[in-house]
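By written order: A, B and C. Residues from 1 in each chain.
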Amino acid sequence: MRWDVVAANATYLLEGLRGTVALGLLVMALGTVLGFGVGLARLGRGVLYACATGFVELFRDTPLIMQIFFIFFGLPALGIRLNPFVAAAAAMTFFAAANTAEIVRGAIQSIPRGQWEAARSLGLSPAQSLRWVILPQALRRMLPPMMGLFTTLLKDTSLAAIVNVFELTTAGRRVVERTLASFEIWLVVAALYFLVCYPLSVATQRLERRLVAETA
Amino acid sequence: MPGPAQFWLESLPALLRGALLTLQVSGLSIVLASLLGVAVAACRTAPVPLLRWAGAAYVEVFRNTPLLVQIFFVFFGLPRLGLRLSPFQSGLAALSLYTAAYNAEVFRAGLEAVPRGLREAAAALGLSPWQRFRHVILPLAVRISLPALGNNFVALVKNSSLVSTIGMVELTFVARDLEAWTFRSFEVYGAATLLYLGLVLALAWGLRGVEARTLAYLRPRAR
Amino acid sequence: MTARGDPIIQLTDVHKWFGRLHVLRGIDLEVWPGEVVVVCGPSGSGKSTLIRCINRLERHDRGRIVVDGIELTDDLRHVDAVRREVGMVFQQFNLFPHLTVLQNITLAPTLVRKWPRQQAERVARELLERVGIPEKAESYPSQLSGGQQQRVAIARALAMQPKIMLFDEPTSALDPEMIQEVLDVMRDLARRGMTMVVVTHEMGFAREVADRIVFMDEGTVVEAAPPHAFFSNPRHERTRAFLSKILR
């Protein structure tokens, strides 16, 4: 074993980790905003509903890697040329948004019908009912699955390595290519991901338990 | 240059061969990941603290690191320990290990969701602990787990695309290969995306059928 | 106590289908201002659907419903206008679990009536006083007993100063010892002249408070009569059968 290789490349790998976190945060922020819009559109009817449903199905039912390829290699055929970072971030944002949309829709639909009925029978408009009665309750239910999605997104930023965006997996691959210390480096790379994702997972589980305890 | 329709027709056999391999590795992984998942879930709910801890560690490690890194670790890292696996074997191993962690959590939740009263009723009827598990608790837990398990299987099919990165000639690999030769990226990835969509929707449809049959007891009889 | 004038609620030949199930089969009903109408009948008779049509939680498929001079149509402005004048109390309370008791009561007045917060809170506290739980203003619904929750729900509906109150089996989800405290509040409300339509199985309450009892079965109004006539001399066989089951 050659653990000295790890020590020698520690700074480089940590830079990669920073890239991972930055990409992850960007995708979470953009995906959440877009996903909320799509999720609300899924509650409606007509063209908006159809478009939102198509978007959700397309990005949830196909592999993220295909979406990245499509945007990075495929869109240039239509004259849209994106650099690897933008392409990967865009694909992941759509992926995040599609999953967020389902969380938003699920949470809103999980609020009992009686809540809508009570709000509407008090004279609140549909928008007021959503804003003051339904969403505040739904947001709490969204929180654990959203945090779970964030963990997934953080892990999935590793796919950006396939189009050579600089983040942790790319950093790992470059070090391995240079040093051939594949076992050590991939182990350390996995450990670094774990270090970031595990606390998020634990926090998610805690929150979930607390919410369950509160509603019981 | 041939038109899109002709191009699709010509590349379809290759893409279908790729899809078949995707189906194979996914199908095998579903079986392995389910068996391993039940075992890990059993560990996680076992009365022995060491087993519980080992089960939890397994789940956390595999769920909190990227599958891509796990694949690289198995394919590139393990040979340095003298364990050399083919791309197919590496992919199968990584996919199964990864999905098993998720399945284990689903099964555990299913086991915990079996109402206490049913366990007590089974015990009161004089069933042995194994009989209770085998005939009452497990069948119910599996049924409760089915919807979430289905989601894991769908994710597995999509995740199998990552095995292309270590040279397994499944659907994604074929698509990249075709694209590299023909530069017709839009058509190639479009076709591959549609094939994945078909696979996933077919799987989801099949799973709904299974659910409908096994969960029929939950629905009140139609009037 | 019977007030006359124009009816405040008027249903004319109202029909409602759920899929192929014909749940309301031509309902004609008039309710006058200040009147207390109790609707009773076996489960599945359509009584809940009937009052849910009055504030359009259910859409009727045929016939006319006019509430306080406004006809209920697909026009949402009419629906909103009616809902401002009609309060509703549900079997399952449907309090908003994320809001305190006070916030539950002030929500609609501040949003819909645009009252300033102080005014809404003052009215809310008066109403809590009236339903007997002023000390629970800052509590959350989950911290209250079922009877207390239902009293809050009544206060919440009253805060909108409705002309009509609808009660959909308000005591059916309550433990027996809590039923009286809710009925007391409703009795008080009736005494103050509120127009009320109440779906309930509480025949003691009906006998004492109702001006008229409407008996429904299989989607039709079988019989409507003042309590005395209804209980002592029911005209229809189906009413007699129902009463013999429920009064024992």
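Basically, a residue touches a chain if its C-beta (ideal position, glycine included) is under 8 Å from a C-beta of that chain, and two chains touch if they have at least 3 such contacts.
For clarity, every value in this text was computed on a predicted model and none was experimentally measured.
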{"item": "Most widely separated chain from subunit C, with each centre as the mean of CA atoms", "value": "B"}
{"item": "Innermost chain, where centres are averages of C-alpha coordinates", "value": "A"}
{"item": "Between subunit B and subunit A, distance of the C-alpha-averaged centres to the nearest whole Å", "value": "20"}
{"item": "Cα-centroid distance, subunit A relative to subunit C, in whole angstrom", "value": "47"}
{"item": "Subunit B-subunit C separation of Cα centroids, rounded to whole Å", "value": "52"}
{"item": "Subunit C-touching residues of subunit A, taken from the complex the two chains share", "value": "112, 114-115, 117-125, 128, 132-133, 136-137, 140"}
{"item": "Residues of subunit A touching subunit B in the complex", "value": "57-58, 61-67, 69-70, 73-78, 151, 155-156, 158-159, 161-162, 169, 172-173, 176, 182-183, 186-187, 189-191, 193-194, 197-198, 201"}
{"item": "Touching residues (chain side subunit B, partner subunit A) in the complex", "value": "60-61, 63-70, 72-73, 76-81, 154, 158-162, 164-165, 172, 175-176, 179, 184-186, 189-190, 192-193, 196-197, 200-201, 204"}
{"item": "Footprint of subunit A on subunit C - complex, ascending", "value": "55, 57, 80, 83-84, 86-88, 90, 92, 94-99, 107-108, 111-112, 153, 156-157, 160"}
